[in-house]
Amino acid sequence: MYNQRYESGLEKLKEIDGEVGQKVIDSLASISPDLAKYTIEFAFGDIYQRPGLDLKSRELATVAALTALGNCQPQLNVHINGALNVGCKPEEIVEVIVQMAVYAGFPASLNGMFVAKEVFVERAIIKV
Amino acid sequence: MYNQRYESGLEKLKEIDGEVGQKVIDSLASISPDLAKYTIEFAFGDIYQRPGLDLKSRELATVAALTALGNCQPQLNVHINGALNVGCKPEEIVEVIVQMAVYAGFPASLNGMFVAKEVFVERAIIKV
Amino acid sequence: MYNQRYESGLEKLKEIDGEVGQKVIDSLASISPDLAKYTIEFAFGDIYQRPGLDLKSRELATVAALTALGNCQPQLNVHINGALNVGCKPEEIVEVIVQMAVYAGFPASLNGMFVAKEVFVERAIIKV
Amino acid sequence: MYNQRYESGLEKLKEIDGEVGQKVIDSLASISPDLAKYTIEFAFGDIYQRPGLDLKSRELATVAALTALGNCQPQLNVHINGALNVGCKPEEIVEVIVQMAVYAGFPASLNGMFVAKEVFVERAIIKV
Amino acid sequence: MYNQRYESGLEKLKEIDGEVGQKVIDSLASISPDLAKYTIEFAFGDIYQRPGLDLKSRELATVAALTALGNCQPQLNVHINGALNVGCKPEEIVEVIVQMAVYAGFPASLNGMFVAKEVFVERAIIKV
Amino acid sequence: MYNQRYESGLEKLKEIDGEVGQKVIDSLASISPDLAKYTIEFAFGDIYQRPGLDLKSRELATVAALTALGNCQPQLNVHINGALNVGCKPEEIVEVIVQMAVYAGFPASLNGMFVAKEVFVERAIIKV
């Protein structure tokens, strides 16, 4: 029943986010499984499949955008994890978030950094 | 009178944006030369000087953020030019802007792409 | 002392939100009763009284806007409840929130859906 | 080469927006035909095909969101036209935009109304 | 037919914005005279009438907010004029806009400053 | 090693925010001490040192902007405290936040007011 975009999207989601893919599907199952399906098909089956930009650059661009938007902290947590999973260095993630102070202001940058701190502590990259 | 942060910021601004540095200074001269000074000192003298992330990745992160924020089109124009100047390929810029459809919605992505189109036409990368 | 706009606004607020009207008034009593008063007078005494658009369409428009804005989760909770109270079907609310993925991006849509899930679980429309 | 989602999306886009569909495709042809393709496939081939909410309510929800976001005026123009094309009354569109003053502030509402005025004048619904 | 809030709002609007009051009313006359009415009643008849904060501080707060929001340039133009009309010094307005670089980023601050420059040139406070 | 901007910024931060300055430094120590350093140098060493606008007006402008942006609640808490510390009256802060209903909508104003309520209760200005 599910199509090729879904299948390759799910695989890409696992490559980037590990277990999180299944969690997204599960958390939406009772209310809108289709929103999970679209997330997988469009974000991971269409966009993250595209050539022309490597996965590390894609994840850094996403960290930049979610930090700047400032109201997407659950997704920022997921994508900081994703960035680390595909090989971004912690310093690169920190650099992108610091840089957002220029474009979106210090509150956005600080709030993004506190999300990164949470992730880095969970993954024992830094101590509290 | 100007300090080292200003001097190295101005140099970095020229490296990234060519003539635009002087234009920013000039356009603010009659109202707030200090805002030009801070832009140069903080953005280009502090942030863009930092090791830990190469200039191409910095410019792609900026293109991502400005596209997502959606109300910074003059700055997006400047930074798409900057991204090209420091060696980003046109396809990489297009990829970042397309990807923003996922995180900030299609209107933000479309409006960012029309700014890129303007820049690419000016630089004869594409024809109208 | 209170005027006709306030009286009819309070009545409309009760029609839409049940007990929430009194809670808003109470929660602001110690700091800014006037902000409660303006909310009731302007939002519910002026706007929601207007002919030309039925209450269900008004509530769906509000759910759309609050989901897209992305930083108004307490108000989104109130208005998802309000939408149900005035006769919107759960599926209609879900549809509006899914649609916001197109205009405001997937994070806004996902975060809005998790607010809807909370409300739907509280009201036993779905199970966790 | 294009799939069923694209074909039905294009048809839906024509139903809603008339000639605008082809204009979007054309305007992106030289820089990112894929962004046009995704807009058609995802927005119009997936979302606007869904049962559970009628087209008129979908368009009013979109007008609400684009007015509230405040930085999507070209898309707001398109969707005010779309709303009229699928049978929304001018008054209903005006009502949604007025209501946004409550949720996104008067500037967003006023700027949205000026876009509506432009569309209504073009379509001779009102005189300047 | 119009009430006391409208009358005192209109007077306050004239005190702050001079001729602009009538222009707002006129520009909305053909599409939504009620939105003009609410702007006058609520913004100028309720809020700007309140004791507890002087008009100069109110206008500086508005300039801060509109600069930070970044997508309200017509309203920012009006309120920079209003701030000058009620006695704010040009330097105070410039200071507020510069300060927004900290909270909303440099693009918002720069774009706000270019609106101020326009107003200051029109009023011959500065030369181009 | 730290420069004069840092030293005077730290002093200003203590004047405005009391103990919070050291907390910001500490909370970022393990992940990005430079972001703390830039906050102190640029925000408090450059901007808040400037003549041309008194500290009370600066803090009210910041409260306005952070309320309007709507996704900076930790920073809004800090600056409502800061505003009180530099001599703003509670009523003035409340007035600025109420006024934001006009420019950023009622949800932003309400959410800002609830942050103020938290601060006012902590400081025993009001009772719960």
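The first chain written gets the first letter, and so on, giving A, B, C, D, E and F; residue counts start at 1 in each chain.
We adopt the following convention: a contact is a pair of C-beta atoms (placed from the backbone, for glycine too) under 8 Å apart; a residue touches a chain by one contact, two chains touch by 3 or more.
Please read these numbers as outputs of a predicted model, since none were measured by experiment.
Taking the definition of touch as given, a chain qualifies here only if it contacts chain C and chain D alike; those chains are A, B, E, F.
Homomeric contact chain A/chain F: same residue numbering on both sides for under half of the interface positions. Between chain B and chain E the CA-based rotation angle works out to 120°, given as a multiple of 5. Interface comparison, C-E versus A-B: the higher number of contacting C-beta pairs is recorded for A-B. If you average the CA atoms of chain B and of chain C, the two centres end up 39 Å from each other. Averaging Cα coordinates per chain places chain B and chain D 30 Å apart. In chain D, the residues touching two or more other chains are 34, 38, 42-43, 50, 66, 68-72, 75, 94, 98, 100-108. Taken as a graph of touching chains, this assembly is complete, with every chain in contact with every other.
Residue ranges of chain B in contact with chain C, taken from their complex: 68, 100-108.
Per the touch definition, chain C reaches chain E in the complex via residues 34, 38, 42, 46, 50. Across the complex, chain F meets chain C through its residues 70-71, 94, 97-98, 101, 105-111, 113-114, 116-117, 120, 126-128. Partner chain F is touched in their complex by these residues of chain C: 24, 27-28, 30-32, 34-35, 38-39, 42-43, 66, 69-72, 74-75.
Against chain E, in their complex, chain F makes its touches with residues 42-43, 47, 50, 52-53, 57-58, 60-69, 72, 75, 89, 91-92, 94-96, 98-104.
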